[in-house]
Amino acid sequence: MGPLAKRSANFGRQRGQRPHGRQVSRPSFTQGLARQALAEFLGSGGLVTVVIGSGIAAERLSHDAGLRLLENALITGAGLVALILAFGPVSGAHFNPVITLADRVFGGVTNRQVAAYLPVQLAGGAVGAVAANLMFDLDAVSISTHHRSSGGLWLSEALATFGLVVLVFGLARAGRAALAPFAVGAYITAAYWWSSSTSFANPMIDAARTLSDTFAGIAPASVPMFVLMQLLGGTVAVAAVHVLYPDVAAVADDVVVPHLG
Amino acid sequence: MGPLAKRSANFGRQRGQRPHGRQVSRPSFTQGLARQALAEFLGSGGLVTVVIGSGIAAERLSHDAGLRLLENALITGAGLVALILAFGPVSGAHFNPVITLADRVFGGVTNRQVAAYLPVQLAGGAVGAVAANLMFDLDAVSISTHHRSSGGLWLSEALATFGLVVLVFGLARAGRAALAPFAVGAYITAAYWWSSSTSFANPMIDAARTLSDTFAGIAPASVPMFVLMQLLGGTVAVAAVHVLYPDVAAVADDVVVPHLG
Amino acid sequence: MGPLAKRSANFGRQRGQRPHGRQVSRPSFTQGLARQALAEFLGSGGLVTVVIGSGIAAERLSHDAGLRLLENALITGAGLVALILAFGPVSGAHFNPVITLADRVFGGVTNRQVAAYLPVQLAGGAVGAVAANLMFDLDAVSISTHHRSSGGLWLSEALATFGLVVLVFGLARAGRAALAPFAVGAYITAAYWWSSSTSFANPMIDAARTLSDTFAGIAPASVPMFVLMQLLGGTVAVAAVHVLYPDVAAVADDVVVPHLG
Amino acid sequence: MGPLAKRSANFGRQRGQRPHGRQVSRPSFTQGLARQALAEFLGSGGLVTVVIGSGIAAERLSHDAGLRLLENALITGAGLVALILAFGPVSGAHFNPVITLADRVFGGVTNRQVAAYLPVQLAGGAVGAVAANLMFDLDAVSISTHHRSSGGLWLSEALATFGLVVLVFGLARAGRAALAPFAVGAYITAAYWWSSSTSFANPMIDAARTLSDTFAGIAPASVPMFVLMQLLGGTVAVAAVHVLYPDVAAVADDVVVPHLG
């Protein structure tokens, strides 16, 4: 539960054990994992709904291209604050395969959790795209024709994902995961603008955005390079976190060890 | 006092008892309820004033439809931060019948409190609409002719209310109600944009907005379906909170049990 | 030191006493009062610089009247967050005669402090107006010709000041003065928009804004009624705070008793 | 580590010592300094990328000059929140030679740290400018031709730097450095607007902005006077902090003494 580990530790206690007590039994574990998967599903869906829905509204209501992007960026940031606060204590509020994989490297989640998180993130994102389309009286699904390919865009995705992963795990390792909702919201709002790609920084978002041929969409053919650059940025970030915050045990009162399985 | 329970617990102490002490006497209880009703009245009025007043200003001052909505959304979010901070410690800062009813299901308020909260919320909202109209030199009341009816709008209201209730009670159950002012402010700002209905998510707001034929108004005929979808979204959300946060007792140091009556 | 009392209590300790220790000696008291006056001077000046400076920039750079007001409002809110954080621990960060007078009623400041605060607030505000004018290469002083008089404007000023005073002292009485920078910043940003007067809510601001014939200016002839309505709103608010938060002693661990004189 | 001292104290513990324990050994010190330098490099680079990148995007996407500046200002503020949160616990998150020099005066950093911080800040800023240019498919470096010289601009830089230094060290001396990310983000967003110079307030930023002939650029010939006014404002601010917060030892539980070398 790396990024928001401190709060998700409450889960263990909710299942009847005391801190430092025995492992929870297998049935409880399964229930806990189901609950975490539900949180990742709802949170990923909510994030995609915010991104695509506010993009549709911006495109319909505003004429200035910059104003549209500002609306999309501010609303995504505000939505992230709420979503991470709502679901963080349950699942860690990853909503992003790169975060989940990085958390695996840091030992915050088990292989079993990774296997549960990744598919529900993708499924949630797809449902979120459909929900946004339907709310705005569009077809449930329309494949985006918005091609996004250039060296500048790819560099943007690598740097944006690098920054996101350094931020999330830097906060966790410094024992300040409680600030993650505000930090990530501010970061993503800014990254819409300092990058040329509007900072997807999330393979789940890449996939979900193919399902809406609107402002925030991305053509399927542009997705593989985005994912590749995101994984690259995330990998370098994991190394940077190890260098910057070498000894996580020193703040063990704030960072939680894996508490399930 | 579910959503902001921790702070409203101070009320019990203010009436002369210690935590875990005896029940307060009936006269004190009545005084406390009157104070809570006053807070719900002022807070609901303030919320409606912010929504309608900023809508009138936006319509008068800006030409771009998106900019108008951005102004309305940002100002509503900022206003909510202030209003929940100002009145939360007294009444829990519901300002919304769906929140009050959900709190009743979770055992945070008594039937008597529900009976006091709902009418003062509606009355406060009406006074807030009149105040906004008068500040902008309009007639005290003008019935809105802004019809808002479509499948997309109704889906929006159900989803927006679902998200609001999950957020508010998720925070309370995770022992983080102190963050509610910022979480709810960010959520509503975002929901203006990711939904197609601009996210009323509140039957009190539905009713009050009928009283101003301006930017934020809604025609009375459109209200029933909005209320219905809000109740539907709220009901599903209550179930989701039970699944996501099953054992509230585990965080009993943060979540307050009913302390009056 | 009502509104931000908890932090300003550090001052007493800085002068060599321990909490619950003896009163500070008279020389220390004088030094402390001078320091507080300096903080009120700098903070009031900074607030006026933010309001007038951002107004000039908005008028020069943007064409849409709503966008100008949005810029002015967001920047004033952000500036208030920084100013209250910078000076709150020293003086309580009043920057507003209505707040200082209300704090006197609540017993948070002495008559001697009131006599020091009010003139330095006004002097600071005047210097701030001059600084804004000079930064934008205007004459140091130009008397505003912007008349602001109507029933709607006056109602706005009364309501805006009412809300500000309820918020500030509600936070203090609930033991949450640490949130005042964010609460007041959000409140003022919102009040620019839900009122028709753009919410001056502060006699010091009224006076200082007469000194710049730019976007944020106010003609001297319009000031008296603004001040009157602000005092009216503030007075009703003091009564409301007494009703809403009747027993401040119940949260005595958070609210600080007068610690000087 | 003045400004964010409390958190960087964790570093000492991470190297194997307990609070109040022995000094770390020389090799650990060197490792710590390298880590701090890396944090200052990445943070300064990130800050410049945010400033220049969002400036390029604003210039390309928006027509209204005020909207461009609003985008640039809001995104810089949001970026600062994230950057200070990410790197503050490691290096103190200076990203600004004036802050580092002022911290030296207050005894928060050693001469050796100053000698490491200043060059990596400048190098990071240059790399950040190149990254922004490349992301937007521009030449890696283009010298700015944007001349910025006038009395109003110079006054702006002096006042903006004065305010920044008072804020950062006021927070540290009041034991509230944990709020610095939000305080500094809000401050800089506001200072873009209340000053006529858009508030560079940072010699590292002056230098880096010469490397991009875009919205945020500054011609090299305009830099010396900016630096001079920034140093002047910073110097006066150090004196003001001494007057406003005279006895830092009184809050010694919050403010950290130099912990390395």
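A, B, C and D label the chains in the order they appear, each numbered from 1.
We take it that a contact is a pair of C-beta atoms (placed from the backbone, for glycine too) under 8 Å apart; a residue touches a chain by one contact, two chains touch by 3 or more.
Everything quoted here is computed from the prediction, not taken from an experiment.
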Original post:
When you check each chain against subunit B and subunit C, which touch both of them?
Top reply: none
Original post:
To bring subunit A onto subunit D by a C-alpha fit, how many degrees must it turn, rounded to the nearest 5?
Top reply: 90
Subject >> Numbering shared by both copies at the subunit B-subunit A contact, with half separating same from different >> reply: different
Subject >> Between subunit A and subunit B, centroid-to-centroid distance (C-alpha), Å >> reply: 28
Subject >> Mean-CA-position distance for subunit D and subunit B (Å) >> reply: 40
**OP:** Could you tell me which residues belong to subunit A and also touch two or more other chains?
**Re:** 64, 67, 70, 74, 182
**OP:** Could you run through all the chain pairs that touch each other?
**Re:** A-B, A-D, B-C, C-D
Subject >> Footprint of subunit D on subunit A - complex, ascending >> reply: 64-67, 69-70, 73-74, 77, 150-152, 155-156, 159, 163, 166-167, 170-171, 174-176, 179, 182-184, 186-187, 189-190, 192-197, 240, 243-247, 250-251
Original post:
Contact residues on subunit D for subunit A in the complex?
Top reply: 7, 10, 13-16, 35, 38-39, 42, 46, 49-50, 52-54, 57-58, 60-64, 67-68, 70-71, 74-76, 78-79, 81-82, 85-87, 89-90, 131-132, 134-137, 181-182, 185
